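Naming follows writing order (A, B, C and D), and every chain is counted from residue 1.
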């Protein structure tokens, strides 16, 4: 019999909140409820807690827990990411009977096909999907799903500065004429890659679709991003972008409004986390905005505005 | 007059928890209380919150707040990182009068000189220093300082497996002889780069030295790491490493014990966060252990063991 | 008609060696000749050269070239990565008629299943596959395929140091007895994650299998790496590792010998690039060894030793 | 005496092109000839070659070579990065007497202070400096210095598309009036972070200043980048950016022209490498252009245009 020193009593009887394995790469076939089951290369982090009377956790069991659940998918493939992660969390508690709590984090890259805005060519978009699931032996559980994707943002402040200067330069024009010109053209400003992210709590009775999160995140920025753009498409993207200038603050608020609108049946205490990060084109630093709130708080703040 | 659209009312009256700038690189000369003031290349992230009635935060003011405080250092250079970050947090509230709360995060790389264990050659070590400071207009504040550094860990489980097999192979030896041999040599096991990290709360009345955090983190792993090692030093490091095999769990518990010991006058509600991450040599994944607790909780768990 | 300014004459008539797009992520189903076609998330970089009389390259055509070739896979799926990249290189020359030369780089992550060494549990391994293809309009072409994977290396130098010290400590034992003990146990040393990489030229008449490159890279280090290891397996890995201590220099030389052995029919001027990188466990820096040579040069250096 | 197994004969008598250490972090005080000596956190990679009759290189000597040269700086501090790297290359050949060739690569981050374009506020810019030095025992040497920095680029293609559409929309205006309006305002387009890089060969008789490389790289893009921008500055940056739209191809060609202009006394066979990479705001991929040429080739291509 080989020795098993993990089960020894440690010299220092301190409990640990998290003991686990990070960076486990797996091929997973799941239903992100975006048309049909898709194959994702996913990275898992799995944790359990450790009581003060055990020297170590047997981490090969954590890896077996992941494999066990993923293998079961070959028999009944279509599962949502949150069910998948919650099953792994269950399996972790089964295999580590000394643990009170298990935690699973999954990040995947989803490659979606979409059409360019004018020429309707097929192109694609890479989106990050996340799921974070916590389960306690006493029945408590907490699950979040998330989507994160890139888009373009045009700066409203820069645009107003340019507009003011144009008005000055063209001040010899009649007021109406100037107004017409300015309203009909896109006013230059700086624009950049932005990254929108939403994480939302999932419950047995409230199960938002990742597809909805993707659509909300996409529509929050000045324009979507595309891999392939023909000239007509590029013109359309630039035009749209300049007609919808948005600060990081605006992007987060638009996501908040859309979540409140789209999930009007969500329980009031559902937690949502919004984040927008802009890779500023005129600066070396990035700019971000964040909001963490329950659906109820957002509803209250927006009042009748939704 | 140039227009200022940040001060407009937004369409969606939702407040934001964090609006800010990330990745601001600065040269900083501070006292990490490790011998003498040192020059650090530091990366700052600075945030404020934004009320629902303002469209945007004027982020150039946040950058000015950082510069203002760093410039003041040229006049009176010696400052601790926590004082520096708290002053930036103060300056952020001054410059954004609509904000209720400001937050500063600083990460720096410190290059320390030390001696190799046997030949006493001068060599160096790269350590990450962090500071996270939150300040609210109502007087609330919370500050953490942290140190993170690399070392080596040898796996106790692998070592027991090897020891058991050696005992079997050499079972024709007399029991005492076998015991003597096994006790006098380093028993092989897998070993790897590990990263130890401690973050501890700082108060007006409790101000731990970064030097202490560095020493605790260094001593928590099986051996320290060195840049330059002559043959005599390398032998010593390998020997020590195998005489002190440690799981990630052990490393966190040792850090917890040392923090309780060294900071015996710390207020009971001081929060500490410990983390050990091993870049497992025999696996592609990493293994981690974490503990978040107040000093009081740690004292209670350890009972009279410290 | 929308304007097309790429075709204008530039102010500065300088030719460009490479104009292109990097970081195009695609799902690809190919034959890596490792059992059966596999699905890979692949990242492509594609380039063409640009003559001095054209202001810009129309890069949407480069993206279309990639899509065109990948789409053709849905009709006849099984292709080798080198054929795939060479077809994209062809398509690039077709779509950019002003270009003299095209270049395609592909990196993919392959997740392979294998068995643990003792308990024969199914586990997996993540391997990087690369292909670099260059094609000129005059018919010249050059293609490389590569494999890169992680394993474990134990340091022979550290092991000799420990052995010498053990011999000193146990010098009261009889010489034969000491020899027997030392030979029958694994002698401790530092060990770490290593990364082995081979890139080899591919020709119409010489088409090595990626499977072979993977096997050579795997066998060059002290031991393979596994995701899941039960205790019996872990013991076996540690034992093997200590019985095969290897410097980065040894790993590169073993790969060189195996390539010469396994590809004995390779044309003499086939170019091979070997690289081993160790994430030293006792140092913060990495250690590397590299060799770039033709098969002929390697054969000559090894003389009759293969 | 401790054993030294690096000097043994290897089983496989294959020579190695590069054996070395990567990622050595050091604080260095050097003269980048940009005003005054500056302190840089630098990362060094150092290599030597290894003959077929030696099992391993003694890499602690390579680390000592770096330390030896850096220590000498405390006595006579002001040195150019190329002298520093060449001295390390010399020292490597001295300490590894079996090596025929040594190689040193250095990357540093330089934080420069500059003024914003309108309000003349002091702000800063982070620039990467590199040096690559190769030295052979037979006297051959090759040294490159480089600078890489971020700026902003506005797309000329997108701008022409927008201009054409504006002309269509405003076609009821008189032709002259339309021309005047279009010429006097910045025409919107997509713009993004770009990264310009120049590497140039250094000789005893030709020693370009890093300051010049920085200025050339900065001026090659549509606008420089700033950390801090007040509203007046932001307007100026956006305006300038839209009045200088540039493809990656343009940026490389402008750098080539400026290098030919500024270094008119450079020997004809000096090698230069130019690279521009745009983090496209409307795409998830990046776009790049590259040129590798001798000064002579560039002079010839440009004819009398410089």
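Throughout what follows, contacts are C-beta pairs under 8 Å (C-beta built on N, C-alpha and C of every residue); 3 or more make two chains touch, one makes a residue touch a chain.
Worth saying up front: this structure is predicted, and the values here are computed from it rather than measured.
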| item | value |
| --- | --- |
| Lowest number of touching-chain links that must be crossed from chain A to chain C | 1 |
| Of A-B and B-C, pair with higher C-beta contact tally | A-B |
| Whole-Å separation of chain centres (CA-atom averages), chain A against chain B | 28 |
| Distance from the mean Cα position of chain D to that of chain B, given in whole angstrom | 33 |
| Mean-CA-position distance for chain C and chain B (Å) | 35 |
| Residues of chain A touching at least two other chains | 2, 4, 24-25, 126, 157, 161, 227, 229, 231, 235, 284-285 |
| Chain contact graph, described as a line, ring, star, complete graph or other shape | complete |
| Chain A contact footprint on chain C (complex, rising order) | 2, 4, 24-27, 39, 41, 60, 63-64, 67, 109, 111, 122, 124, 126, 227-232, 235 |
| Of all residues in chain B, those that touch chain C in their complex | 125-126, 150, 152, 157-158, 161-162, 165-166, 169-170, 181, 184-193, 223, 225-227, 229, 231, 234-235, 237-239, 241-242, 279-285 |
| Sites on chain C touched by chain D in the complex | 2-6, 10-25, 47, 50, 52, 55-57, 59, 156-157, 160-161, 163-164, 247-250, 252-254, 256-257, 277, 284-292, 298, 301-303, 305 |
